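Given below, in the form of structure tokens, are the structures.
Shared between the two complexes below is subunit A, which pairs with subunit B and subunit C, respectively.
Let's look at the complex of A and B:
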């Protein structure tokens, strides 16, 4: 246990150290520009000249200004501390001030994204499971559906997302809830479909023959053998599916017009040049994904335990 | 002596089409199995003994000849649930407890709930697994799992038991024990048993009739009526009578082999 914790912490520490080290070269230009405007002397003196020189040279020639790169309002790369502070400012601090659902609160935006993720996950999982059942039942359906499922994943979702939003408003669907869930399910259904097909086909010939000797019906074969045998596969797919659904929901918030949701925060942060907002939204998304995957993982553990499987 | 025929095969043939040409798994096999018989099928791998058993169970379709089970076609017999089948591997469903595994055929065949409970209790006692109802398969040893799978085949009312090398993967000591139990079970239940094995002592110890088979093409090379008494303690295997039968089986196997 301590050994696992130690290796996890070592990796984490390494990431933080590399991140801190990267801040200096990434931010040196912005720091020098700022110092230049404040009337301090930097080498080379003009922004145009500085553009010709590498970050490493700038750092060597202006070592006294490196530290300033760690405390910028609009850094190229914020430090972990800055991101942490911004995250706290837009989550915990908002809660303390009683403004949890303010438009500046990431809890509010996270909740918006979470709702789309949930509906997208539900829709995608349903499509995936029903598709898998159909594919396993009939060879014809497999040959006519599977190629489209594979092709669908080759189309970049960022190209498709604006079209889905435009089309859904054309057919008179108000708001972004539905198109976002649709985009989310688009990414989510595929891993569920593939995993479930594999799971439903996992029973061995002997297990299937056994039911044949009982002269069991197709429905019985499905309920008593294929379905329970597929559950471990299903849960593995659900973990990939929920993360994909979250990515889909965020992508659905990117096309112009969205004002709430983590995706909108990222886009707005980009447009207004506030990298801290982008980074904190990114981290909020990552934390949310982690929580969702962990939830499914725990459910899997408990359920499969109950079913007598050693998971 | 008037005896009823449980299984009757006439000129049974089965040819598999493979990329290397046709494989004659069975060729012109004829055999009568009487009700209450314990018949063993023995032979080297590829002699078609398992295929023959699967034909009786309608898990394989013969390409020639005919086979009847309880006087009807193998398919009708399967549809009327005339036999219990014990596979080479116990094949218990890992997500079901031992009790629920035994319950599986009863659920499928629609036995009433109280009857199911009563039957599960009875067959688990029969195979010496009382008290293991709530255990999952992985919590049991290989021998116990195989006993559970026999209980599963005994739970419903089929008077034929088809067993495909059920003890093949078990060690000698467990195997001896299970052989002894199987004989007691056969005496108690009066079922007709067809038993595939590749062990000569096992075949001689268990059966009333030993069918020796040989490969390429799969066929019957000898049918030996076992003269041993029905009551067989384990040490009967050291008697001269036992050794004589075993010798004849070995001769039959050798004759089949020198064919090619």
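Let's look at the complex of A and C:
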């Protein structure tokens, strides 16, 4: 365990170092443009000339301006510290000021995305579980639905997303919550369906035979053997499902001009040219994904231990 | 009203046909295995057509499949342009670059158990993140043309393939490796003759996941800026100008391309990993 932790930390540290190193060549042009406008002399003097030269040459000829690249307002690539500061400014600092639910707080936007994720997860999981039960019970349903379930995942949902939003607003559903939940359930149902089918089929012939000797009915067989046996599989797919639901909620915000939610922060950051907003929203989404997966993982641990399945 | 009745009759007939086929003695033939889902899909399309006609849904909200098919046939030239831009240039190039890079990195990392241990949890975590969010950043780095789309696809494809390849390379057991040792096989011949073939089922799992992600990445990146062609561009402008039938034709292209792409990867998998239990059953 500690060995793994050490490896993970080393890799993370390496990533941060590479990131810091990459900031210099990525930002040198922006830094030079800024210095140029401030009246300082930089080596190829006009921006047009600078465009012809590679970042490395620019860095070699203007080594005094490299440091400026680490402290830009609108960097091409922000430093990890800048992203961290921006994250704190839009979360913790807002809480301390008592403006947790302000429109500029990522907690507010994260909450909006979380709601869609949650409803999408609920819907997707329900569809997945019901679908799996139907597939396990009926061969006709399995043969007609299963290929389409696979195809549905090969269809890029982002192509459908704008249509889902147009349709639901025409049908008279207000707000963006519902279409976003629908998109996220579309991505979420498949892993649950596949995992659940596997889980419901996991009892061995011997176990099924044993229930037959008890003269258990079909319903009893299902409730007392298949359903409990499928739980470990269900939880494994729930973890994939919740991450997929979050991706779906953010994808649902991206192409649709949403104004609140983490995806909307990315969109607005792009439109207003504030890369820091994009980066901090991305990291907030990553943290949210981590928290959600960990929550399900803990639940799985506790529940399965209570059922006597795993120590 | 008559539309609804026709749809209902069609649905009942199709369902009866499917039940009959599955219960017949030919249930396991290839023909039936293809026919059953095709009939099910047709039923859905018939139901869609009937509902649109029965409730007089405006074409600006939901066009009937027949209208979509008509638009599709009329604008094949434009659809082909968009397909070339988004799928052939953006998605496929990004897919190959990303998968190849992930494969090479996996083989390099695999030499160090320390790095492997560290990278697996991180890679697994990153693979679950909404990476599509980097699309606007990459579009501003690489410009509006297909380069930025391919870049988004590279980033999205990289981690699932990396994680699966690293996991697959660890699949051989001690017996197999000992056997290679008794043959006096070196690192490279063990890698090429034993470990990479053994990793293939895992690699293809990653490649299949990546295949579905590639198109998503290429299309989303186009929402953030593109030349005046491409599937994402056409969809976002089509929604704005209410040419919904064109949007659905574009969605049909995306669906066909996605399915064909996934199918191709699955077909290659079948040819390469014919020895694996999951392919024999």
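Methods note: the second predicted complex is superposed on the first by the 305 of 311 C-alpha atoms of A that agree within 3 Å, B and C clash if a C-alpha of one lies under 4 Å from a C-alpha of the other, contacts with A are read in each partner's own complex, and residues count from 1 in each chain.
We take it that a residue touches a chain if its C-beta (ideal position, glycine included) is under 8 Å from a C-beta of that chain, and two chains touch if they have at least 3 such contacts.
Predicted model only: the values in this text are computed from it and were never measured.
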Subunit B versus subunit C as contact partner of A:39, first or second or both or neither: neither
Subunit B versus subunit C as contact partner of A:228, first or second or both or neither: first
Touched partner set for A:167, first subunit B, second subunit C, both or neither: second
Touching partner for A:308 - first (subunit B), second (subunit C), both, neither: first
Partner chain in contact with A:98 - subunit B first, subunit C second, else both or neither: neither
Contacts of A:207 with subunit B and subunit C, given as first, second, both or neither: first
Of subunit C and subunit B, partner touching more subunit A residues: C
Touching partner for A:215 - first (subunit B), second (subunit C), both, neither: first
First (subunit B), second (subunit C), both or neither touched by A:157: second
Residues on subunit A lying within both footprints (that of subunit B and that of subunit C): none
Footprint of subunit A on subunit B - complex, ascending: 57-59, 78-81, 83-85, 87-89, 91, 93-97, 104-105, 107-109, 136-138
Contact set on subunit C toward subunit A in their complex: 15, 18-19, 22, 27, 32-33, 36-37, 39-41, 61-62, 114-119, 121-122, 125, 128-130, 132-137, 139-141, 211-212, 215-216, 219-220, 223-224, 231-232, 235-236, 239, 244, 247-248, 250-251, 254-255, 258-259, 261-263
Residue ranges of subunit A touching subunit C (in the complex, touch as defined): 3-4, 6-12, 15, 76, 139-140, 143-148, 150-151, 153-160, 162-163, 166-167, 170, 240, 243, 246-247, 250-251, 254-255, 262-263, 266-267, 269-270, 275, 278-279, 281-282, 285-286, 289-290, 293
Residue ranges of subunit A in contact with subunit B within the complex: 204, 206-207, 209-216, 220, 224-225, 228-229, 231, 307-310
